[in-house]
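Structure first, commentary second.
In this document, chain identifiers A, B and C correspond to the written order of the chains, with residue numbering beginning at 1 in each.
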């Protein structure tokens, strides 16, 4: 609906769009990026063309060398999730009949919008901080060496530590002041490639014989492998390479090869969104 | 402010006390102390040092500051008395900062990154706040930024939640000094920045 | 301040010189410098800083010293300008010694704080080390603690990094005496793991 006014802006973007990564050089966090994107496209986040941002974003994600900056990639996942939420909320038909679920979605959208506003408020406050710190950094105050005569008069130090005490103190002081974090290492170790698992699934199914998912994961003991294989199945399904049947809820899942054209390239692109 | 507790000396000989009070020229004693102090000095600590009530110190400080400013036809000094970070300190008057720069081995600390500034802003307005809560506002991992801010002395660990074990952070006095303000109340109000749609957000100050 | 007038002797453009002299209030600029200068300042270095001839500085310094002494009916300040070791520096006027001494005593208790001891321990094992590096190991700002340790003579400034300008600190002999050892080598070994562990924090600023 609002396509017409913003249409020109969107059309004007391709040149800029190639500079997408440039505009990301001052990337400071997912919401920052979101704001940048929204501002760049002069659009309301509720507008449908948000999908365009999502696409652009995902294509940016593809170009990311995810091995180097896991942290950054994680941030991007947050963006992706937020974008998805926004997109869902944005796609909601407005002004039409509203049921409880729609209301919930609208509320979710408002919440996201409010989060964006909040984030922007802190961002603007940060400008004030920067200015204050900058201004004071040029100021000079008196903080000079104590005159010798006063220094001599400082009371004799009471020292009770032995060398051993002192060493113990050093050990405590130098123990990295680790800020406790919830370790995530166990979640992605060992790394399992969805693509590899997809290749495995393709090899098993391509022959034409339908297989159950149970058969597909036979012998896979590591949970990560099973999950990756399942994700691979989803991806292949999304790529219309396979179809599946499930006769009853939670029942046996039967998979069938349906792709007519499936190349190595199709396989190579699988799971790209996950960065593996 | 307990002005009377700031009078630390023995309460005995009234006459002698009066005599010594007459001897202590408060503004002069204060300027002597300010010459050796290496941190902003609050009125209470000055009152304790000089041995007079806080009210007298407040008044003397005001007189001194005006004196250095040349109020009333006196010389406008090359230095000034500024209240920063909750205390008083001798500063070079801004117009001489440039001349003075070469004389001070200031290791100008590297500028804070944008991420650090924004995190600092979140902590300043929401303190005390846990890292998790900061992260959910910033939606990024803030661990290393928090460590940088701690290392700079701009924030401190206010307390650890006994249940969750989460450390809560607050701004440190050094931040006030480095911003040139006296209290966190002097931060700009953030609500105008939030515009409408922010209703869902409580206590934005 | 025109930096090119920093060459104080140039006798050329009298008019321009006069103009810039009118702008630079020499006594005020000098007192600004003297308020922050750690060491006594010689006339030549002051002249270079302010950008006027040495003779003018000499005269201005004399005026300032008299001014602080209250010569001619002015206020006799709590501080004074004294020539020491060939340079000028602001000192506390002797009659305020007592007040200042009390103040210094309260600022320097007989025992080191836990924070000061831990910082000292870090310096002992990591010397020479910059303040920034200490701060990142301790994850707190250590400026005032380092000042305390310097004031106590427990550490010294070992050298200044010519590139970054960062002062590196080392322990002083007094610490060895206090610990009852002859050399820093006699400190008990602590886990080599720790020495590596801190490496990761070096780049926190």
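Assume a residue touches a chain if its C-beta (ideal position, glycine included) is under 8 Å from a C-beta of that chain, and two chains touch if they have at least 3 such contacts.
Everything numeric in this text was worked out from a predicted model, so none of it was measured.
Chain centres here are C-alpha means, and the one lying farthest from chain A is C. Between the interfaces A-B and A-C, more contacting C-beta pairs are found at A-B. As a whole-number value, the distance joining the C-alpha centres of chain B and chain C reads 21 Å. For the pair chain A and chain B, the distance between mean C-alpha positions equals 39 Å. Averaging Cα coordinates per chain places chain A and chain C 48 Å apart.
Looking at chain C, residues 32, 35-37, 90-92, 100, 104, 138-139, 201 sit in touch with two or more other chains. Residue positions of chain A touching 2 or more other chains: 140-144, 146-147, 150, 177.
Residues of chain C that touch chain B in their complex: 1, 25, 27-33, 35-37, 41, 49-50, 67, 75-79, 90-93, 96, 99-100, 102-104, 106, 131-132, 135-136, 138-144, 147, 160, 164-167, 201, 204-205.
Within the complex formed with chain A, the residues of chain C that make contact are 32, 35-39, 90-92, 97, 100-101, 104-105, 108-112, 117-119, 121-122, 124-126, 137-139, 151-152, 154, 178-181, 186-191, 194-195, 197-198, 200-201. Residue ranges on chain A touching chain C, taken from their complex, read 140-147, 149-151, 153-159, 161-164, 166-167, 169-177. Remark: chain A residues 26, 28-31, 71, 74-75, 78, 82, 110-111, 113-115, 117-126, 128-130, 132-144, 146-147, 150, 177, 179-181 touch chain B in the complex.
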